[in-house]
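The structures come next, written out as structure tokens.
In the two assemblies presented below, chain A is common to both, partnered first by chain B and then by chain C.
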Partner chain A sequence: MSRRGTLALVVRQEWRMLIADRSLLLVLGLLVALITYGFANGLAEVRTRDAMVESVLQAEAKAGRSQLERFDRIASGQELPSPFNNPANPAIAGNGSGRQAVLPSAALAPIAIGQSDMMPNSYRIGTRSKVEFMYDSEIESPWNLLSGHFDLSFVIVFLLPLLIFALTFNLLSSERESGTERMLLSQPLGLGTLALGKLIPRAAPLLAVAALLPILLLLAFRSEAWGAGWLLFGWAALVLAYGLFWFALAFAINTLRRSSSANALMLIAGWTILVLVMPVMLNLLVERLHPAPSRTELSIQTRAIQADNLRRYDDLFSGDYRYIDEPESLQAKDGKIEIPARTMASFLARRDMDKRVDGLLDGFDQSLAGQQAAADRLSFLSPAVLAYEGLTVLAGTDGQRYLTFRQDVSQFHDGWRARFEPLIMNGVAITRPDLENLPRWQAPPHDRRGAARALGWYVAVMALCALVAGVLGCWRLRRYTVA
Partner chain B sequence: MLGLIARKEFREFVRDGRMIWAGGLMVVLLITSVLLGWQQQAAVQAERVASQELDYDAWLNQGPRHPHNAADQGMHVFKPSPPLSIIDPGIDPFVGSTIWLQAHRQGETKFRPAQDATGLKRFGNLSPAWIVQVLAPLLIIILGFSAFATEREQGTLRQLLSMGVAGRQLMWGKALALVLALGVLIVPGALLALGALAGGASGDVLLRFALLCLGYALYLGAVIFIVLGVSAMCRHSRTALFVLLALWIGAVLIAPRTIADVATRTFPSPSRVGFDEALSADLDGASEKEWMRNFNVSSAWDPKLPLSQWGKALQVDDHSGYGVLDDHFGRLWDTFERQQKLQEAAGVVAPVVALRAFSMAVSGTDFSHHRHFSNQAEKQRRLLQEVVSHDLIEHADPLGDRHFSYKAGPELWAKVPRFTYDPPGVGFALRKHWLSLAVLIAIFLASLLFARTAVTRRLSA
Partner chain C sequence: MLEAVNVTKEFGPNRALNGVSLRVEAGEIYCLLGANGAGKTTLINLFLNFHQPTSGSVWINGRDVASAPIDTKRDVAYIPEQVMLYGMLTGLENLDYFAALATGQRQPKDHLVALLAEAGLPADAVDRRVSNYSKGMRQKVGIAIALAKNARALLLDEPTSGLDPSAANEFSQLLVRAQERGVAILTTTHDLFHAKQTGTRVGIMKRGNLMSELDSADVSHNDLEALYLQHMRD
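Up next, the complex of A and B:
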């Protein structure tokens, strides 16, 4: 019989045995349940965030309408302007009509909650300083942030390897312990063929379910996933590469000729090191390599800058305030408007705050970018890190996407203020068309090309890890002796 | 006899390399985490103390300024880092430590350290607490799964019993061996942590440390008895190993996340946008009502109100918001606490959850302590507002349009006292989290009973 024929025979035989002892069905059933539960959790979270984005956009539209209505009432004399709420005043319009910058969830967002439970996915843009609106964070119980979520990424990164172990810890040792090893190898059957024949019926159904079931769930419950295109293949490639690594590791450990219990212990030890300990140590390392500047220091510096600004614009802050007695002086006339001195001072102080604080905030972004780059470089030390990072990239919930969003928001805010600055400085009144045509935030699409690059790296490194483990196993197999 | 059994077991742990390899890794991690925690806590605490001083000095020396401007600029308060955060940083990486106290609105702690970190932070934080909570049970399983099952497989169990050694004696001997092994591995780290704390530690901190030891002892004791009970129940060591590993995966990995998700679904937290919108709407509503009642105007800062009344108006506006702020923040924080209480109760099925709650509470790094600090900070903010608005009432503008020309000086700034945060004592932690301690005690007793029953029934079978 040819080698291929022998392999087919072993695969068929193993398949029959796995079905008969129900272990495969049990593990597959468990995997289906875990994937479904993890997916449902992720989907619920994404729907909550999507509803939130929708409500933010509705609030923006409502604020815009309210501004226009007030503008009309003041222009027609039905309402007197006040120093705090006069849309013809560019300093007020710049804040009151402020746009909402939102980050919509990506097509495959239910895969991994990632950083989305902590990082804000909307900011209200206005002429306020960044220190007043960019330090916010999403509301989530800190206990839950500490515990983490039971989403698909958790199932794949943490639990899939354990299910693989359940099927493979005694791949070869069971034959030895039941006394069938000698008998089998006395047949025209190589040890490699036997091992491969045992791996195929275990790996094929398990990895097929792990890779394909989430795709089916996504297509069924997330309409955006239909447009995800190659990202779905990316998901499958990542899961397959990750799963193959653990199968390869289990195979390598089986070739050490230890007992089933010893195999299980070594596998669980390997898993503990690679999935639990190594990511924590890596985090420690990248934080040491690129430490974030001190936020406490930032607070102190912010206060010092604010004090400087209050001193610099003290005259304006202390100016007379006749607008209560003479509200009509706040009316726009011939395209011009009087900007109350305090309003002007407030705008200038905030502008100057940003000029000086931008550099400090950049330091945090640079540190985070440095940490991310270091984490990517070192991620080969733990396939769990590769898988987690890859899954969050696919889901669009990775730290890099939020960092880019924050930088885009910062730029939009700069542009927004720059648009109002000359109007405020020159006392130019805002007109109705101005209010109607204020620039809108264009939500950046999920950077699929960037995601592809990152994902390609993660899959390639993981495949290499799997190859190394597989080669080690094959090398050990050559030295495998049957007592 | 006990000593003999324990010595024999302990010798086996060392001889077959389980203790050297698995335990060695734990010792290295434990000592590293204590040293890192120590260094970090000391640096963070020193920085926050210095910053608190700097901020107050800046407040005192801000020069002549309109009080409203001073209140708008406000001051910062920094949450002290509790000494026991060396052992359990708790929720600290996921909550901020700085509150900006400004006029008009309650501040929240800003700057979660996790936001300045990559997604790797979500895998966990290297701390002694994490190591003992997650890895120590696995070590106990590795050392103890074969305690009875292997004796049975090798036939030595029958011999021992026929020699008159009682099953319970065996159980206590093996338990003692596991305690010794854990002691050898954990005590150096614990002593190092105690040494780090000892310099200037108050009685409260030492009492908290002792309670922390008690909590972890109950937890690890429960794990030891569960491992021995399962080992006694299983005919084969392999079965015992798989049952115990499955229990560990379920209780330590899966249950905490599942329970957290259930708690969130049961007591959902609002979104940031939803919370802010509802708070603003209620603040506006309350404010308008008070403005109408006090000044007979329909909206806040209505042009009909003369500037000479703005000091009083500021006070009225602030007072109108206090109840609303208490209500909204109170509800949000109650939601977090309800979520946590539910999880503590669920600690019956996942002891690590109960331990985590107890450990954080005793270390002063749980949400109750965080809330306590936030409340104290808000008191300081309201005090600052009161001082400012009182001064503006006293110095109401007689001219009509010169309200903002008035400048207060250092005497006024000095009326706002230095913010000194006095963290609550250990009694506070115990009052808030007696449930998790009760759950730990119950689990310990139940596991002891389980092990005794398993040993009595199965060994004689």
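Up next, the complex of A and C:
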């Protein structure tokens, strides 16, 4: 009889046994529950984030409207200008009409919370110093695997392997222990066929649910997912490759002819190393390789510069009291405007601040970029880290996307201040069209092509890991003896 | 049909078989006798490729087991000392699976039920879970599996262990009928009487060596017993 016919017999038999002892049903039920729960958590998180971005944009629009209204009231003489709220003053408009730079969530964002809860999704751009809005909080290490979020990426990366173990730790050892191995192998049945026939009815339903159920949930509850196109296939490919790796590992361990409990122990040990220990070690390594500059150093320097600025612009900061008696002098005339000394001083102090800590801030950025680059390379050491990376890339919550966002924000901020600086220095008044046509933040789209390229690599490497484990197992099978 | 050529098998420092050669022709029932640990099971295991010989070779139907481990299994049926089955399935379901593996296709239910009856399994046990079977009942399912295979050679490792006397007797008759059809049978046993009764040839093993072979027709039961005990004493 053909090998395929024998394989079909084994598959049918195993299927029957899995149904009879309810183990498959139990594991599948658990997987469905975990996926649903993880997806609901991810979705809730994304909705919160989306709502936050939305409210930030509304605040921006509202601030813009109130600036225009005040501009009109002052221009028409309904309201007297004060030194600190006249939108015709470029030093005021530069901050008061500041933009919100936001990073909208990607189509498949509910897959992984990733960096999204540690890195800001919006920055308010104005004439403030970068120290005040971009370097005001600690930036964490590139991997966030152990963050305690129960999202889809957690279910896939952490829990799916455990469910796979539940079905495979005794794949061959159970036959050996129950004595049926002798009965089976006295028939014209190769060990490879037996193992494959036992793997198929376990892997097929488990991986089908793991790969497809989240796609269905995404399509049902996140309308943006319909536009994600082949990224959904990317998800499925990643989950399949990752799942197959663990199935292959379980198979390989079963070929060592140890007891079921020894197999379970080895699998858990492997899981602990690849899923728990390696990410922590790699994080430490990445931080050691690209240490962030001292934050204390930054705050000492910032304070010194602040004190310095107070001295340098002392006369400017202490002026302006005459405006209380003659507010009309704050009105724009013939395109010119008197810039109140305090607002000028405030602008200059912040500009100087950025100029003087530039090197230090560069140090932070370089350390972050270096960490990210090292992380990208080192993640190939553990399929679990790779899978996590891949899932965050799909979700648009990966470290790289947030770094790019920061760079864009920094550039936008530079451009914004450069636009206002000559107006402030030369006392040029802001006109109404100026105010209406200030540049807007263009939210960067999720780079799907880049995501695709990265994902292709991850899937290929994981498939290779699965292949290596599978080949090692097959090689061991040649020396397999029956107890 | 079955042939071992100068087979040695070592488990680490322990030599379980020491240059054993034997042949079982079609239509022969070859009974292997020997004390516990003599190497009987080890020899049978080599025919099934459960272990590989340290040196020498084993042949089934003219084919080297080492070079065709799967194909050679088409020609032999095997009943171990303890037939172990899937406890969650019934006797019939177990037979269904193993018979399909043995023959390459699933057998009709009537045929399987008839085989179980022929092996002596009570009809009311056929649809019960094997986890509730006695040892002898499992053994009978094992016999039915071997019958289903309808192979040209039988490898039997104390096949009647656990069978009650009448079942053992029926099994002997089954063997004789198979022998008459030209099946080659290699069986191990501790039962000298049975060996003399059903066997056509008898081999006596001791510590991995095949000490002597004789035609059972040539010796009386008493002579066989004396010879056996003498070997055991030396």
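Quick note on the criterion: the second predicted complex is superposed on the first by the 464 of 483 C-alpha atoms of A that agree within 3 Å, B and C clash if a C-alpha of one lies under 4 Å from a C-alpha of the other, contacts with A are read in each partner's own complex, and residues count from 1 in each chain.
Keep in mind that, in the parts below, a residue touches a chain if its C-beta (ideal position, glycine included) is under 8 Å from a C-beta of that chain, and two chains touch if they have at least 3 such contacts.
Owing to the predicted nature of the structure, the values given are computational and were not obtained by experimental measurement.
> For A:448, decide between first (touching chain B), second (touching chain C), both and neither.
Touch status of A:448: no partner.
> Please indicate which partner A:13 is in contact with in the superposed arrangement: first for chain B, second for chain C, both, or neither.
The answer is second: A:13 touches chain C but not chain B.
> More chain A residues touched by chain B or by chain C?
Tallying touched residues of chain A, the top partner is B.
> With both complexes overlaid on chain A, does A:272 touch chain B (first), chain C (second), both or neither?
Once the two structures are laid over each other on A, A:272 reaches chain B alone.
> For A:184, select first, second, both or neither according to whether it touches chain B, chain C, the two together, or no partner.
Second partner only, chain C.
> Hey, which residues of chain A end up touching chain C in the complex?
1, 5-6, 9-10, 13, 16-17, 20-21, 178-180, 182-190, 481-482
> What residues on chain C touch chain A, complex-wise?
45, 48-52, 70-71, 73-74, 76-78, 80, 82-89, 93, 97-98, 100-106, 142, 145, 149, 155
> Flag every residue of chain A that touches chain B in the complex, lowest number first.
That would be residues 41, 44, 48, 52, 55-56, 59, 80, 82, 84, 114-115, 118-120, 122, 135-150, 154, 158-159, 162, 259-261, 264-265, 268-269, 272-273, 276-277, 279-284, 286-287, 292, 294-300, 303-304, 306-307, 310-311, 314, 317-325, 327, 342, 364, 367-368, 371-372, 375, 384-385, 388-389, 392, 398-399 of chain A.
> What part of chain B is in contact with chain A in the complex they form?
Checking each residue of chain B against chain A gives 21-22, 25, 29, 36, 47-48, 51, 54-55, 58, 62-63, 65-66, 69, 73, 75-76, 78, 90-91, 93-98, 100, 110-126, 130, 134-135, 138, 142, 146, 237-238, 241-242, 245, 249, 253-254, 256-261, 263-265, 269-275, 277, 301-303, 305-307, 332, 335-336, 339-340, 343, 367, 370, 400-405, 407.
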